[in-house]
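Two complexes follow with chain A in common, the first pairing it with chain B and the second with chain C.
Coming up: the complex of A and B.
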């Protein structure tokens, strides 16, 4: 698939519409069923899908521990803010420090796990990643890191640092815009990857890894590159999301639900496609928002069968199916 | 502080007891991987189902928990057949990613169904048979018998694999599916039976685990067992059922011995650290011996 200017413009327009709506809702209030909460969910799921797509979609390797990156991001940002508060430094120091911690922790995790497990094939990698998630969670609880199972309280220090007015802005519109920036960053990186030799290498790996290796592609390096990029983006997403939670507990931060959602988002939209995450993120986010009112706690019972059905019946996802069956869409959707 | 050398034999014995069930709980995973080259990522969900079968039959009908092993095994067989037809049959020639996600999704469906039907609360029961004494320390019979039964089931599986025609077919498909097909083996039937049997053994191990631990059954309990099964499978070499059993014994002992060790070292949450230890073990084995301790 070659990306044209039309493809990129169409996507950027969609992104602009969602961001514009979020700001509009902030200024004039909810527009009918479109509320700030709905748009927050959309931004979150688009970002999650777009970030995870760089690894799962482009390499075809499944990371069942993706939430570990988000958790490290949440903890990285929150502990940075708490440390700044305890040291009596101004709030933005905490945010900068939190960002540095997030990027350091997530890239370390990605390099360690990826460096070891990505030398092996998919099955072994999947096994290693499932254990990463549970293992890290129990490390945080076991060694009492970041207050362990008592939970790291974020809202208190945030209110002291930024005032209650500043905190409520930070927890809503500002964190939404941060989430949105992660989505945009992931989109831009995807475009760059797809348009350079990185994209070709990843595609070659996904289609036939042995052949790619024979042709001289350094497969491990490209896999680790995609894994680390996707992991750091996941961490940044967690960091942006951490402003919305009052305190962080290991079972919530490492909740496998986020991994399941990330896999659903990528596969439903179309693995490796550029427009997949925005399609599935909008669909999933809205359904989740409206289902929460009707069937609280039932989302997974609705989405897990959909996931299995997509894999069995239409493994190419919505965008892939559109491109395959309606040729006219190929000009706009990549 | 107790002297570690005096209590160590006790922890090794209880490690071997629980490890025997862990081994059985992993054999289904390695059997399915060996024959179909499919990693059942939702593995723990079937253990959870087995635990609930025992819990409900004992709580509602006062059925002897050891008898519930049979319905648990049958439920597993049925689930295995369903798993094969819904999530595996059409994906056998698809990329690895497909079966990883479809088995994962199937496991999530089971967990969510369990949550809707039985709630997310922890459940448990009390069933006792008295104790054996080892150096004055009691070993409850509800822990000894499940381990013995698990060993018995593993031996039965061994006999099935090495002394019957079906076993020959299964091993032939493991080594070379196309070669087996040329020799007249109905490969798809072998796949089907392997998945059914593998899941059946897994739910049976869930029933034994419920008798062994009796408390803390919940729809998401399987996650911990998935992790453990993966450590054991990788340790024993993916695809080797006997390796899985030996791996189970090793992990059982490591777990049982590490908890008191971490307690003595003054760790705030010894159980959490012991789970972390198993996780690092996976990475270390994958780094040093990805073919498993017993693999070639």
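Coming up: the complex of A and C.
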């Protein structure tokens, strides 16, 4: 698959439509069933899929501890804001400090875990990453880091730093735009990866790691690169999301459900494709939103069979199937 | 191979449809059919049938405010998941409050009209992310007029910022953490006694009973609510001259307390105070009994006020002391209001009790009563404000100083912190909950010192 200008334009158009709708809804109010809340969910799932796709989609490794990056991002941002508030600094210092903390913490975690666990393959890697997630959760609770199991409450500091209106904006449109920027950043990085040696190396690893190694590809380095990139993006997504939840508790922050959702998003859309996450994010997000009203809590039960069906019928995901069965779409969808 | 994959796909679709069907039927909210009580409850004063007042059309004058044909109050409740017990009990209270407002009271008096209320609720499954999206949905899609909270502090912490974001009045009846009202929210009004004042009266009770019992052991879940409850207990202990001989926490989700209880048994405290919710409170009592850890008084947070606690433990629950926001038998009625020199509003405690029993065939609990109280207070605030404007109603709440069947309501105008209401201390005696503190509303005498586990296993009852 070679990327053409049409492919990139088509993708950017899709992103522009969703972002445009989000801003339009903010200005004029909900357009029928399209509410700000729905678009927020879509942006979140597109970003989650796009960020995770860089690792899972491109290398084929399943990271069951992906939510740990999001959790560190949430904690990084929230503790940055709380610290700025306690030190009497202006609010944007807190956000900048939070971003720095997020990037540092997530890249550290990715380098440590990736450096060690990425030498494992298949199920062993998956098991190692689950334990990292659970281990981190108990570390936060047990050592009472970031207020431990009492939860880190950021709404008070946010209201005092930015005022009620400022908090309101941060929790709605600003965090949505931040989530969207993460999705866009992940997309751009994916395009860059696919157009350079990195993409070839990752694809070689995914198809046959031993062969890639024999051909002289430094497999561990490329895997760690993809893992770290994907991890930092996950952290940034968590950081943006922390304005919405406004109080962070370890069992929710390290909830494995987000990892499962990320895997579903990548597999459903088509692992390693560029348009996959936006297709699956839109589908999953809207189904989750509408099902919450009709069948609360059942979206995962509904998605499990769909995922099995997709893997059986179209192992390449929705995007892969479109490209395979409708050749005309190949010009636009990558 | 193509045919085979279609076959698999078809099979999956069929399974999916079955799952959806099952899901639909199991997640439908329980239909509540009013049941008549089998007999008059013991301890309830005889009651004349309630008069049903219907709105009279002559009352309508030209309305100065735009009045809808019904006022919708939205909320979520944990009807499944970790807090499902409390959530389901609360829902029954909400239904009783709606019935009282619409059928007995005759609707909200606003703009010269009588407007009925309606509730719109979702199951938040005890999940924080769901709480956030469902409250947004209530505000933006369902366009409810006012919000009341959900149960337990962590979930309220997720819901309150959403209400604040949209500038919606949020009546918090189920989150007792002090932190909720310390966030600087402008629209959060708390109706019940907050955590720091919740369990501390246990120590006042002991001081009055036995000046020699001074050694207190605290064992608590390290969540926000219990942490603050314990801070309150500790500071009261200091004031009253108690010694804390043991003070340890356990992480959320712990259900095996053996290692902690082994340590605790060695210390031999006079009083054991546990900071728990329902599931862990039940487990810790069971394990105290299994290990035979005795004390002169054992106070357990949250769990014992739920009737299922006694159903699960039987005689082992005898003599266990617990704090509660409200219990049936706490007759905070018009007399109490008169004593305080403030207005009384809503059903009397007896009326509420009779009506609740008639609707649900069981006694109300603090959760049912608290949510019902929140709805009744909201009605009062709307009437005072004579407006559906959020700011006006929030201001009305600040001005209110009244008594309802639930007790007094008065908030700190700035933070919404509850300062009027007080918690009570109850004790299981011979299979019944008896209010033993504060003395002016106590329904019985405390049983002290409590029976040992061996005595209870032998079938002795805590009858003073």
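Note that in this section the second predicted complex is superposed on the first by the 332 of 334 C-alpha atoms of A that agree within 3 Å, B and C clash if a C-alpha of one lies under 4 Å from a C-alpha of the other, contacts with A are read in each partner's own complex, and residues count from 1 in each chain.
The rule is short, and it goes like this: a residue touches a chain if its C-beta (ideal position, glycine included) is under 8 Å from a C-beta of that chain, and two chains touch if they have at least 3 such contacts.
As the structure is a computational prediction, the values presented were derived from the model and not from experiment.
Using the contact criterion defined above for the overlaid structures, shared-chain residue A:141 touches chain B and also reaches chain C. By the touch criterion stated above, A:126 is placed in contact with chain B alone, chain C being left untouched. In the superposed model, A:301 makes contact with both chain B and chain C. Once chain A of one complex is fitted onto chain A of the other, the partner contacts of A:118 are absent, as it touches neither chain B nor chain C. Look at A:62: by the touch rule set out above, it reaches chain B but stays clear of chain C. In the superposed model, A:43 lies in contact with neither chain B nor chain C. In the overlay built on the shared chain, the residue A:185 is in contact with neither chain B nor chain C.
In the superposition on chain A, A:149 makes contact with both chain B and chain C. By the document's definition of touching, neither partner reaches A:274: not chain B, not chain C.
When the two complexes are laid over each other on chain A, chain A has residues 138, 141-142, 144, 148-149, 297-298, 301, 305, 308, 312 in contact with both chain B and chain C.
Interface of chain C with chain A (complex): residues 5-6, 8-9, 12-13, 15-16, 19-20, 23-24, 27, 80, 122-123, 125, 127-130, 132-134, 136-137, 140-141, 154, 157-158, 160-161, 164-167, 179, 182-186, 222-224, 227, 251-253. The touching residues of chain A, counted against chain C in their complex, run 30, 35-37, 41, 138, 141-142, 144, 148-151, 153, 155-156, 159-160, 164, 167-168, 171-172, 244-247, 249, 251-252, 289, 292-298, 301-302, 305-306, 308-309, 312-313. Chain B contributes residues 33, 37, 39, 41, 86-87, 90-91, 94-98, 100-102, 104-106, 108-109, 112-113, 115-116, 223-224, 226-227, 230-231, 233-234, 238, 262, 267-276, 278-280, 282-283, 286-287, 290 to its touches with chain A in the complex.
By the touch criterion stated above, chain A contacts chain B in their complex at residues 56, 60-62, 64, 112-113, 116-117, 120-124, 126-128, 130-132, 134-136, 138-144, 148-149, 206, 256, 260, 263, 267, 271, 297-298, 300-301, 304-305, 307-308, 311-312, 315.
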